[in-house]
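The same chain A turns up in both complexes below, where it pairs with chain B and then with chain C.
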Partner chain A sequence: MRSYILKKLAIAVLVFLGVYTIVFLLCFMMPGDPVRVSMGLHSDPQAVELLTHAWGLDEPRYVQYFSYLKCFVMGDWGISFRYEDKAVLGIILDRLPRTAYLGLWGIIFSVILSIPLGVIAAYKQNKPPDNAAVLISQIGVSLPNFWLGLMLIAIVAVGLRWISPIPQVPHSELWSFPGFFTSLKPYSLAIITLGTGMMATTTRLTRSSMLEIIRQDYITMLRAKGMPEHVVILKHALRNALIPVVTIVGMQVLILIGGVVLTETVFAINGLGRLYVDAITARDYPIITALTLVYAAAVVIMNLIVDLSYSLIDPRVKLG
Partner chain B sequence: MRYGKKSTLVLLAAILLMGMIPAALAQKRVIELPRQMSPRWKAYFEQVDFDGDSVPYIYDKYLGRDDASVDFARKQGGILRLMGADIRTLDPIMVVDVASHQIVGKIFEPLAQMVPAATEVMPCLAKAWEISDDGLVYTFYLREGVRFHNGELFTADDVIYSFHRLMDPSHASKRISFVTDYMEAIDKVDDHTVRIHLRFPFMPFLSLMTYSCFHIMPQDYTSANEHFEDGRWVKEWVEKPIGTGPFKFRAYESGDYWELEANEDYWAGRPYLDGIWLKVCEETATVVQAFKAGQINVVGVPAEYWEEFTTTSAYKEHLITRTELATYYYVLNCKKWPFENKLIRQAVACAMDREGVLQTIFKGRYLPAHGPLPPGCFGFSQQLYDLYAYSYNPLKARALLDKAGAIDTDGDGIREYQGKPLKFELSAYIGPTWREGAKSFKANLKEVGIEIRYQEYEFATITMMGEDGNFVMLSLGWIMDFPDPENFYILWETKSIPDPNYSRYSNPEADALIGGLRSELNPQVRKELCYNIERIIQEDHPNIWFFHSRGTACVQPYLHDYDWGDMGSHIEKLLGVYLEAGHRG
Partner chain C sequence: MSQNLLVVKDVAMHFHTEDGEVFALDGVSFEIRYGETFALVGETGCGKSVTAMTILGLLPPQASVSRGEVLFHDDTLRRRLRMTGPGPVDLLKLSNRQMLKLRGVRIALISQDPSSSLDPLYRIEAQIGEVLNTHRGIDGKKAKEEVLRLLNSVELAPAEEIAKKYPHQLSGGQCQRVVIAMALASQPSLLIADEPTTSLDVSIQAEILELMAELIRGSNTSLLLITHDLAVVAEVSDRVGVMYAGSVCEIADVRSLFAHPIHPYTRGLLAAVPSITQRKAEMDYIPGSVPDLMHPPAGCRFHPRCKYATEVCKGRKPKMVAVETEHYVVCHHYAACLP
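Let's turn to the complex of A and B:
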């Protein structure tokens, strides 16, 4: 197990280096000079020169590549081009709690709903509960995130006035007790918006995975032995059906990054998703690079967790 | 010359300097009011007898509101809640965007400021000024007893420090050219007087001085809280910016919100509001929903909600519409086929039905543009606007194209010019306004035998294309930095090629007139110069002018005296804005 983790970490370093190189190249291939973007039209040549120098953009590309890489490793992620007086690391750490909160609850929402729905649908295949679950997942997949968010705001927040359209909770509260739970109400619309798509996909996958498992001989045998149905389904069938589900939930972290951008935009949540989009518009290279690496780290870590969880779900899986 | 207690002559000069009432020269009691004024300011003009020491009295009364002691009990309190874009900086010398200007202009103040809800210049931290006869030396007399938010006394040293900080290349201010282009030096005469020497007479200098880069910062506090390290300035003071303005900094969380609180010790009396809170959100649908839910007090009405807000009675009674000093247009590349030919530029202008598009698609929200200068700008001529010779006229467009030698030789409905079919790309930055407009223009141009391909780009790409000249026709807008035509006409000066003169238009006659406008001090002569420049540019058509924007906001019924001038609502100090009791929570 330890050697497996070490091997994965070594690969992760290579992944980071590769991602960094690609992002660095992409930044310079993007049309538009960050200095000009920052200054707007009629930028004074003297000011352009000064700012280009201040941002280190007058150095040769390879010098910029290595100096930023070095700073990054040392923990100095530079100063944002867009937010000129702020350190990149500080900006990311300011915003991370909100995205993490939204993402975590989004996944919890989707898992809590999708797995029971998928199991019930498979167990009652072609019966009304199955049809209902299929319908729900079909609707969930079809609803664009953005539109769903706006509809929820219009109906729940503006029409019914149950909650305010924009969650206003200090980020320090989100990860404290009882803030972690009390913030659920203001964040509920955003969580539903983010989680619905994931919920629908996972429901469909759980259903098909369960259908495959419950048709297998060992399930028939367990039933023939007279084992109670709930034990057959929950202990023997579900556990085996979960492997592809766990993979897809892990992969949804990737989908989440896209979903978070839209959800944060609709609900004016200042998380990493919005920061990423704003950074691209403003050609804020330090933020783009740092955030891409943060996302790469999230994906690598999530993959590792998924791999490790296989051996927990199915003891036959050996890592190494 | 100086504002004196008893000198009528001095008073008139001061009024003239403030650009308020040129007519007063002829008949001192007939006051030509600024075109747009808040009711309160207007009331003072109507009440005050202009025969002596009234000018300082007017603005002191206005800003100090010492007549409003009764009002205070009734109006004071509450937080104004807004939504808008995120700020980029809190450092006045780095501000180039509207969002940053909005907060910086309430914390810090310049020597001269705009009249509330208007574009005329009036004193601020300088109580008065005089200009030498040659227009080269400006002497500013500073207010005494003004304190920064941390209690430091404001003096001439702070002014000198702030200007030097702006001029210091290591700070890499984006507006350093505002100093280096026009100013020779600044020196301290005494603790409450500074003198600025210009390189050449520059009439709009006082307007320029209202820009945020000229805001005054406290020398001791700022210099103690910033240091130069590893080739850049580390500014600890941004955690708590200190100025003299009517609002004090309270909190800012990047990308989330900012909050200001009333400055109880403001030199002109504290604002009615207890504070201002702005939540960062640019998603128009969300902002509108937040307004409908009562979460914010003001909403700038987005284009896609225009119809709803102008027809629903709950909203339309609380709409405020103001013209903006802005023009939106299509830049034609005068150095590229086919627009190196003036006739084709004119033909395209005639082919596009701007009025029709603005009326049918934009429901009259914007004003059609017939030239560079927007209404409300000094030098705008209604006559030139009305007599514009290139309004929608397909027949004339066809005739001009024929004259230019662009004929449909192969009968495919598209004309050929110099052996090539008249097909080109219209490059636009992403936005519903351009997209909707382009749909109609495409049909308009097709009618006269021109085919355009509409392509959207990010703004960063558009500016790069503009600078590189890698375009035929692209969309652009220009919002004035300061309210003087000079700020518009640089767009067509030869020396401004390629940025901001993307069209690469060059006309020595126009260049000479624009140069003359820059240094001319006589308002009448300046107006004539503007008319002549306008006439030349209108005829040459380096651009197709599309519209002049108007800002429209809807306010909650319990918000009062929220108003702004042609430069936009972001520069307003909101001193007279108040919330009704019961809505101040």
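Let's turn to the complex of A and C:
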């Protein structure tokens, strides 16, 4: 187990290095110049030169590559081009709570709905509950989440005036008790927007996985042993069926990163997703690089959690 | 009182499929007596396993039983169902809830592939313990002791170690012993073994059969052995029912059946067993092939392959006839086949 985690961490270092290199190259291949974005097209050439020098952009590229890498490893993530004098790390930490809150509840929303829905659908295969579940997930998969977000705002927030279209909660409150739960209401539209697509995918997967398991010999044997249906389905079939579902939920964290960008833009939530978009518009290289690496870290950690949870669910899996 | 434990009477069953109805069982009748081993033999797809599943009420949702009775003479079951008065219980009339008081308690199943008949995610002790808890209401330390006793009774040693293992850590033979231990945990009056040795190594088959025979001998449990292996039938069973294309064609005492089979299908089946003492240039086989059960032949289902078949076989289903004590045959022309 420990050697497994160490091996994964060694691979993670390589992943980070690769991601860093690619982002670095992409930044320089991107048209546009952060100095020009910052100062405008018709600015004083001398001032442009000064700022270019101040940001270190006049150095040869390989020098920039290594010097930023070195600083990054040392924990100095630099200052943002756009929000001058603000440390990149500080900006990210400032935005992180909102995105993490939205993402976590998005996953909870999707899992809480999709697993029961998938189980019921499989258990009542080809009957009305199954048809309903298949229809719901079909709709969920087909709805683009930015459109869903706009519709929810138009109907629930603007039309019915049930809640404010923009969740206004100080981020310090999100991760406190009872703020963690009371903030659910203002965030609900954003959470639904983010979670619906995931919910639909997970429902379909849970359904097909359950159908596969229900056909297995040991399910028939459990029934022949006289086990009541709730034991057969919930204790045995569901646990077996969840193995592939765990992988997909883990991988959805990747999809979530894309979803967060759209959702935060629609709901004007000042989170990492919007920061990303703004940073790219402003050619804010330090933010782009740091944020991409943070995302890469999230993916690596999530994969590790998925692998570890395998070994918890399935005794046949030995990590090593 | 009748000495029959289970009477299957003229059961017919079909599956609804997208392509049409599949008439899987058509008038299956046989009985199993107290303490005996009754073998049901026939080719793959002849309805042996489906018969077992019908008895247990575990047919898939697309199956429906159109006629017949499965009468189970078991006082313990009557008590568990709070039924008063004597007489058998028709298992086909029980609700799913009522079947829970039967399955695994009064009728237990041993299935074909032992390594896939245990849940891969739970330890052996948990899987046996679950049965003990559900049917006998014991748990905790007492259940642990009982699990060890059961594992010892099926000669799995060291029991403490086996109990802590997961199914994938055991061999096929060991898994089958676990399944047997589980099946016998609540001392059922009928044990259904559906091809219990088919997926095991030949060397282990005999061991498992012997173990089963030994365990049920002591407990007055009847055994319904479903197999296509005639050697197994000859070895362990008391009486035999031969199935062809969804119906029973001959029922006899095992000696009588092997000594003088009457039904043309049984004769073909027995002749097809290669013998080491009489080497032949060509193997015997039954001409033609098993009928498509979506469009089964009218009359006797065997008539298209039968050399004795006449017009009457095409039109009318034969009835079961007793040709001697303990030997029944379902054939219009049995007289021509008598020894």
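Keep this in mind: the second predicted complex is superposed on the first by the 320 of 320 C-alpha atoms of A that agree within 3 Å, B and C clash if a C-alpha of one lies under 4 Å from a C-alpha of the other, contacts with A are read in each partner's own complex, and residues count from 1 in each chain.
One rule holds for everything that comes next: a contact is a pair of C-beta atoms (placed from the backbone, for glycine too) under 8 Å apart; a residue touches a chain by one contact, two chains touch by 3 or more.
These numbers were taken from a predicted model, which means no experiment stands behind them.
Asker: Of the partners chain B and chain C, which touch A:Arg239 in the superposed model: first, second, both, neither?
Answerer: A:Arg239 sits against chain C, while chain B stays out of touch.
Asker: Have a look at where A:Thr281 lands relative to chain B and chain C in the superposition and call it first, second, both or neither.
Answerer: The answer is first: A:Thr281 touches chain B but not chain C.
Asker: Which partner does A:Ala47 contact after superposing on A: first (chain B), second (chain C), both, neither?
Answerer: Touch status of A:Ala47: first partner only.
Asker: State whether A:Val231 touches chain B only (first), chain C only (second), both chains, or neither.
Answerer: second
Asker: Taking the superposition on A as described, I'd like to know which of chain B and chain C A:Ile112 touches: first, second, both or neither.
Answerer: neither
Asker: Of chain B and chain C, which one touches more of chain A's residues?
Answerer: B
Asker: Considering only the touch criterion stated at the top, classify A:Arg316 as touching first (chain B), second (chain C), both, or neither.
Answerer: second
Asker: On the A-aligned overlay, A:Leu222 touches which partner chain: chain B = first, chain C = second, or both, or neither?
Answerer: second
Asker: Could you list, by residue number, the parts of chain A that touch chain C in their complex?
Answerer: Within the complex, chain A touches chain C at residues 216-218, 220-229, 231, 236, 239-240, 313-316.
Asker: Quick check on the complex: what are the chain B residues that touch chain A?
Answerer: Touching chain A: residues 83, 86, 88-91, 94, 96-97, 169-170, 172-177, 180-181, 231-232, 235, 238, 253-256, 279-281, 283, 285-286, 289-290, 292-293, 295, 457-461, 463-465, 467, 476, 478, 490, 496, 499-500 of chain B.
Asker: Give every residue of chain A touching chain B within the complex, in rising order.
Answerer: Listed in rising order, the residues of chain A that touch chain B are 30-33, 36-44, 46-47, 50-51, 53-54, 56, 79, 82-86, 91, 94-95, 150, 153-154, 157-158, 161, 164-166, 168, 171, 265-268, 270, 274-275, 278, 281, 283.
Asker: Could you please specify the touching residues of chain C with respect to chain A in the complex?
Answerer: Counting only chain C, the residues touching chain A are 56, 58, 96, 100-105, 108-109, 111-113, 116-122, 130-131, 134-135, 166, 168, 179, 182-183.
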